């Protein structure tokens, strides 16, 4: 279990290549990567992510530990950035490894659903006409009920 | 949409790094990677994958096209190897890109479920005591009913 | 008509060849299977349980009652196990 | 007791500071919020809709009726939007 929260970029390809390398018990790996989208042609939004140092790591540890009790995982990884991010930049990733694909998929979706609504990150988007905190979606909160 | 079927290895990390690179409409990428598991301590199984050249590519194209009609995908990638594979080697991968994570996750699971049971690949495992064709699982066929 | 017939995985091993060309007037896949089974014991054994087999006509999965009119290639194989 | 209070995102902006240390005898989070709101208009405005806010006591998410006995750090913030 590897959890990292930092401002600097991470190398998604290198993380995917390294995750689970050399293990013989892994039959399935699922990764998710969240990326800053560009919006509104011609306007290049900037994103700033605020977080709660200390609680963030604690919350992610709890979510990952819960995933490991629910599914037979060989390994799991969460990386999340904070600070300023430009369109096209990778915000975060999760990776899960298991003997079978159903466990790897379910755990990755679970990690994402809980990370979205239970880990203390907040996104602020800036455009030419001002900046706004991204509103939480009711659908994200609702997604938790399926677990 | 990028579909590749070949005997030689692929570079999972490099494929993940390249997938969707430079696109501004992608907010979420999901990848799945299938790996040859080792089994039965001390016995190192070998795997051989047979396929149906021509139909394989055709079947994968149909599955990917169906995924693109069902979900708002920015891109999708399927790579599948055939021939001999050793434990720890990567057998195949899929990747899906979308604006939102729900589409990327659903499409990746759909691609995997259909690829498992509808693309003409057959696995044969060899151990010290002989070799056997891997039997299809009823759970894999059953997984199709959810779509 | 002339049909190219392909066998994969354990079906290929049991029949002992990966492909063959046959002349047939079979109207459906099932008719073709019956013709093959009548030829030699190894075909009859290999095709003894059709529920354990799948068939593709011209590289599209289909059913054993599918018609063969216009077909050029028929493939028989066990359930797939890719991924 | 002495409590460290933290504010994040738009709550931090509305209150105008990221953290402060308060002396309080509040029994619950809700009591603490009432004390803060009584202090200054900007607190009352920021905390006017508790359904739009979340609270963590000692870095664990909890409810507004949670007791504060033994707590050292209380954080208020809007619903999270990570990932």
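In this document, chain identifiers A, B, C and D correspond to the written order of the chains, with residue numbering beginning at 1 in each.
Everything that follows uses one rule, which is that contacts are C-beta pairs under 8 Å (C-beta built on N, C-alpha and C of every residue); 3 or more make two chains touch, one makes a residue touch a chain.
Values in this document were obtained by computation on a predicted structure and should not be read as measured data.
Leaving out chain B, the touch network of the other chains consists of the groups A, D | C. Taking each chain's centre as the average of its CA atoms, chain B and chain C sit 26 Å apart.
If you average the Cα atoms of chain C and of chain D, the two centres end up 71 Å apart.
Averaged C-alpha coordinates give centres for chain B and chain D that are 48 Å from one another. Averaged C-alpha coordinates put the centre of chain A at 23 Å from the centre of chain B. Multi-chain contact residues of chain C, defined as those touching 2 or more other chains: 83. Shared interface positions of chain A, defined as residues touching 2 or more other chains, are 34, 101, 112. Screening every pair of chains for touch gives A-B, A-D, B-C. For chain A in complex with chain D, the residues that touch the partner chain are 34, 49-52, 54-55, 58-59, 80, 91-92, 112, 115-124, 133-136, 141.
Against chain A, the residues of chain D that register as touching in their complex are 6, 8-10, 12, 56, 59-61, 75, 77-83.
Of all the residues in chain A, the ones that touch chain B in their complex are 11-18, 20, 22-38, 87-88, 99, 101, 104-105, 108-109, 112.
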